[in-house]
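Here's a structure for you.
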Amino acid sequence: MNYLALYRQMLEIRRTEEHLAKAHQAGMIPGACHTYVGQEAIATGVCAHLTHDDAVFSTHRGHGHALAKGVPPREVMAELFGRVTGCSRGRGGSMHLFAPEVGMMGTSGIVGPCILQATGAGYSARLLNKGTVGVAFFGDGASNNGAFHEGLNLAAIWDLPVIFVCENNLYATEVPFSYATRNTDMAERASTYGMNAVSVDGNDVLAVYAAAGEGIRRARAGEGPTFLDCKTYRTRAHAEGMPSLGTYRTQEELDAWKARDPITTYRAHLVSEGIASEDEFAQIEREVVAMVEESFEFAKSSPYPDPATVAEHVYSDG
Amino acid sequence: MNYLALYRQMLEIRRTEEHLAKAHQAGMIPGACHTYVGQEAIATGVCAHLTHDDAVFSTHRGHGHALAKGVPPREVMAELFGRVTGCSRGRGGSMHLFAPEVGMMGTSGIVGPCILQATGAGYSARLLNKGTVGVAFFGDGASNNGAFHEGLNLAAIWDLPVIFVCENNLYATEVPFSYATRNTDMAERASTYGMNAVSVDGNDVLAVYAAAGEGIRRARAGEGPTFLDCKTYRTRAHAEGMPSLGTYRTQEELDAWKARDPITTYRAHLVSEGIASEDEFAQIEREVVAMVEESFEFAKSSPYPDPATVAEHVYSDG
Amino acid sequence: MRELTFTAAAREALTEEMARDPSIFVVGEGIGQRGGNFNTTSGLYDLYGPMRLRDTPIVERGFIGMCTGAAMTGTRPIVDFMFVDFILDAMGELINQVAKIQYMSSGRLKMPLILRGSIGITGASATHHSGSYFPMFVNIPGFRVVVPTNAYDAKGLFKTALRGDDPVIFLEHKSLLNSKAQVPEEEYFIPFGQAAVVREGSAATVVAVGSMVRKALEACDALAAEGIAIEVIDPRTLAPLDIPTILASVHKTGRLLIMDETFQPCGIGAEIAAQVVAQGFDDLDAPIMRLNGVYTPTPYSPPLEAAVIPNPTQVLQAIRDLLAE
Amino acid sequence: MRELTFTAAAREALTEEMARDPSIFVVGEGIGQRGGNFNTTSGLYDLYGPMRLRDTPIVERGFIGMCTGAAMTGTRPIVDFMFVDFILDAMGELINQVAKIQYMSSGRLKMPLILRGSIGITGASATHHSGSYFPMFVNIPGFRVVVPTNAYDAKGLFKTALRGDDPVIFLEHKSLLNSKAQVPEEEYFIPFGQAAVVREGSAATVVAVGSMVRKALEACDALAAEGIAIEVIDPRTLAPLDIPTILASVHKTGRLLIMDETFQPCGIGAEIAAQVVAQGFDDLDAPIMRLNGVYTPTPYSPPLEAAVIPNPTQVLQAIRDLLAE
């Protein structure tokens, strides 16, 4: 159990996102940008158990998943800047991050498909006896969509090695989860499909790590899928450029969740338990900041893709 | 409470279906034919509460729903024979029965949509304060489809006056419900959406009548949707021309359900309770048989639609 | 007359009709108090309340199926779908149900369902927020497909949609939403199936769809300076498609180019070309040409994005090529 | 050589490839022990077991999305969808995901996903079991669209699909499933993008798609008796589309008619006409004509159903009209 690796990963996501938010304000990101700030513990706690052979599928809010799965920050940043050095070679942008070499099988601008695709990765794993898992990250909003119903059911009936990670941050854009469903107990909803379902504090990286570890162990052992209901909150706007509170959130709610920030609470926990010292954290902070800044410079100075390549890779033979 | 009307309605469905099955064998029905034999108590018990202003939406196995909603057998038969006197003027066939004048808003050859459309009828009812209900009839197979998840949720969150009637006959074509889901407790699944959900013996017309009555009362009173989980069995093949047992059903299972035939058990019940006499049943039998035979003759002797009209009604102005 | 943006003009049509007809309601994600991702409904929630401005969960198939049933039972639903890419999840409902119910019921049911929202490639929206997809709706019998290109048309066509009984796919190109035009205070309607000749000319005919209309006009301005007069036609509705106006123009000019940002194969340009070569063959002095966006998923990076949309140089060159034939 | 039915030939391709490549699996409703609604998989369950012949719940979107993920992670899924009408519920997955993932991943992911099943109007199948819908797949970049018209082609094209890395929409017209042809014992492949000239002639070119090939050949037999030699081309794959073969024929004949049972607007006939008028204009001696099914949802009643499909009289008349131009 490498406590500081979890910390470093969360911090890497946070600092990358903060850079991206600033870059968005500065007009350096031509398209949309949905940050993961506040939710870092989830991607971090889950992906800590994964190898590059495990397949992660994600959604519009996917920077954190890509980073935690091992996509270098420079490639994420370069992608959002539209550069050819980006993980999708500039074809994708924020909502279409692909890095199959590390098992990041794509984020999607459409809500829902990742649930089904992760199920398919589970099917491949079973058919080929790979011992790998498929992982889907998605929001509370996706849970009302038909893809949720169909995907969870298929994984359940076929005992597929799939981890469904629902990041319930209480809102889908500005629509409250409590408006969008009469049953906000996500783990109960998932267990209706006859699968292992666990609720966990999504702002507690150790809790996520433990629950994900058990789910992934089960999946690798052929014991079927697991659903993780992670309760969390995004502390920035739905997307950069939108209001952080809008008509739907209160300052009190935001402040209360900020007080439960996954990074600062974890740091305090490690210090109070004597697991790590403030010096170590300062060291990590320096390293992460240096790496993110280097990534930012790399991204900024990378070339744009050549327009002549625009129609390449539509088909497998070109 | 008109006990004999329920009996008459079930018998009308049964005798009509038997005629249709024979007609199919005789090559008089050019397309598919999925009969409702064995499930008559459900349509009968539900539709007994409905007026022509209530809207019914159904699926590929929809003859019984159309008949119980008040479409005359002659129009159903004529439709399956492809005649212009059919309820869909020959455009539809078995899986596309439309008779809006009696609130039969259509059956569908695609599994799923009726669930959503009935929800929409509920929306209209609420918006216009009509006091009417929308009713969806569908099979166990449809319950795994995304339309189920999305439709039930919408009806629940908006308290719409909708009755979801699931006819769980244990199989979807030849796929057992117990294979298609890990959770065969349909009422439990439905109540997860935060709606009133009731399990009922779908072969007991009085049980269906009572449960539907309470659901419809609630709906009309603004108390939101109800889900009826009706356990039943079709005693003929999935569709005419297919094997009745196939690789998926046993003779024992079929016999056990035939012994629980909704019509004969109801008749025995009424006799043993002294509610009706064998004479009355004989009289009803004669009337129904006569009516169905007259309908059959009517259908058989009706003209085909004029091919020149084939492109009419694609748009509202023609 | 006032100047209104495309979005404001369409919103004015909507609020006028909602005031008039209490059976109209709108569903979509964030179209209630928030007023819509593109401000399509801003202010309307306060006027008409939550039953008529209905925020939804993320269930495109679900609410389109629901609206189908609503349209069959006495109300007039409008689906405000944000990006057309999202309603691909509802194609089954649209093609198998919405488009067919009037026919299957022999005209006894109507289907006054409007689907409205954004299309088009612009602003690095990337591949899940840049679609247009209208050819597939034109291919299927039962839909009206409307592609307004300015505020005036947007209002007049939306009003027509709101009074009709057919399902209408009403597509608003993102790059046009803030464009302004004169919009009369008085009520007006623009019928479906009437193309607009937006520029008269005799040297060649350009049929331009959606975002290409402005680009075509700009190129023709440049050519006018050289004394070349090109006729530009904006079909405005793609189903029904006003072929007589196009044929009349080709009769005059003998040359035809169709410009469309969307994919070429089986696109609207193919349909126009096929109809003109069949019905106007003797009028043709040159091959019919098409200029389309590149046949590829829409990339994100600005230089790539720019490379898939026909640019001014290509537009001008395409017209010159046609004239040279 | 043996005579095999279309279905048997395609099944032979499937079982050969499944024996060779353990990463191939099939999903669909009733394709396990039952062997498929159209016997597409009969006998295979006993050979390859439930993981590779996987019966599904009724979740077209679900299993197509699942297979998308599977195709990205090392297996080769085949969706046996029964009727193409059903997969409209999965258009979002198909267009937004399946067609785009190779592109979005810059070719680092492949998408060896095959969707196969029935199309076409026949046997009073009515409006939810009679669709073809291929123009919309042709419109979207990323798909291969295959429409075999005989047993020989079915096997050779299916084998090619099973060896390739692109998503393939493999469409089998119901009226052809029991038709027989000579099929060699030896392995063979038919490449995508190669039309077949199924009859040579010089008076006119008929491009016939799917079920129209046989009807075109019958009409041409009748005309041959009058000494009129018509060339008939079966494109076999609609994406890619073999335009050079069509152009070469039109160069010879000067006349072109495209026959397709499916809807005319933005259909495959429109695309062929548009390409030929653009690239073969000088070869044309007459307007390009199209003969399509009627633009209406498919009705059930046999006389109505017959009225929407081009019948032999209409086919013959269309060719005569073209010759008379």
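Read from first to last, the chains carry the letters A, B, C and D; within each, the first residue is number 1.
Just so we're on the same page, contacts are C-beta pairs under 8 Å (C-beta built on N, C-alpha and C of every residue); 3 or more make two chains touch, one makes a residue touch a chain.
Just so it is clear, the structure is predicted and the values come from calculations on it, not from any experiment.
K.L.:
With contacts defined as at the top, give the pair, B-D or B-C, that has more of them.
P.N.:
Pair with the higher count of C-beta contacts: B-C.
K.L.:
Roughly how far is chain B from chain D, going centre to centre by Cα mean, in whole Å?
P.N.:
Roughly 36 Å separates the two chain centres.
K.L.:
Provide the C-alpha centroid distance between chain B and chain C, rounded to the nearest whole angstrom.
P.N.:
About 40 Å separates the centre of chain B from that of chain C.
K.L.:
If you average the CA atoms of chain A and of chain B, how many Å lie between those two points?
P.N.:
45
K.L.:
Please report how many Å separate the Cα centroid of chain C from that of chain D, as a whole number.
P.N.:
30
K.L.:
For chain D, jot down the residues that touch at least 2 other chains.
P.N.:
In chain D, residues 56-57, 59, 61-62, 85-86, 89, 92, 96, 103-104, 127-128, 141-142, 295-297, 299 touch at least two other chains, as defined above.
K.L.:
Touching at least two other chains at once: which residues of chain A meet that condition?
P.N.:
88, 91-92, 96, 108-110, 112, 144-147, 149-150, 153, 157, 179-181, 314
K.L.:
Considering only which chains touch which, how would you classify the arrangement: line, ring, star, complete or other?
P.N.:
complete
K.L.:
Where on chain D is chain B touching in the complex?
P.N.:
Chain D residues touching chain B: 29-30, 33-34, 55-59, 61-62, 85-86, 89, 123-129, 294-297, 299-304, 306-308.
K.L.:
Of all residues in chain B, which touch chain A in the complex?
P.N.:
144-150, 153, 156-157, 179-183, 188-189, 192-195
K.L.:
Looking at the complex, which residues from chain C come into contact with chain B?
P.N.:
22-23, 25, 51-52, 54, 56-57, 59, 61-75, 77, 92-93, 96-97, 101-111, 141-142, 144, 164-166
K.L.:
Okay, in this complex, where on chain B does chain C touch?
P.N.:
Against chain C, chain B makes touches at 55, 57, 88-89, 91-92, 96, 98, 100-101, 105-106, 108, 110, 112-113, 115-121, 123-128, 130, 132, 134, 146-147, 149-151, 153-154, 157-158, 312-317.
K.L.:
Within their complex, state which residues of chain B touch chain D.
P.N.:
Going by the criterion above, the answer is residues 30-32, 79, 82-84, 86, 88, 90-96, 108-112, 141-142, 144-146, 172-175, 179-181, 246-248, 304-311, 314.
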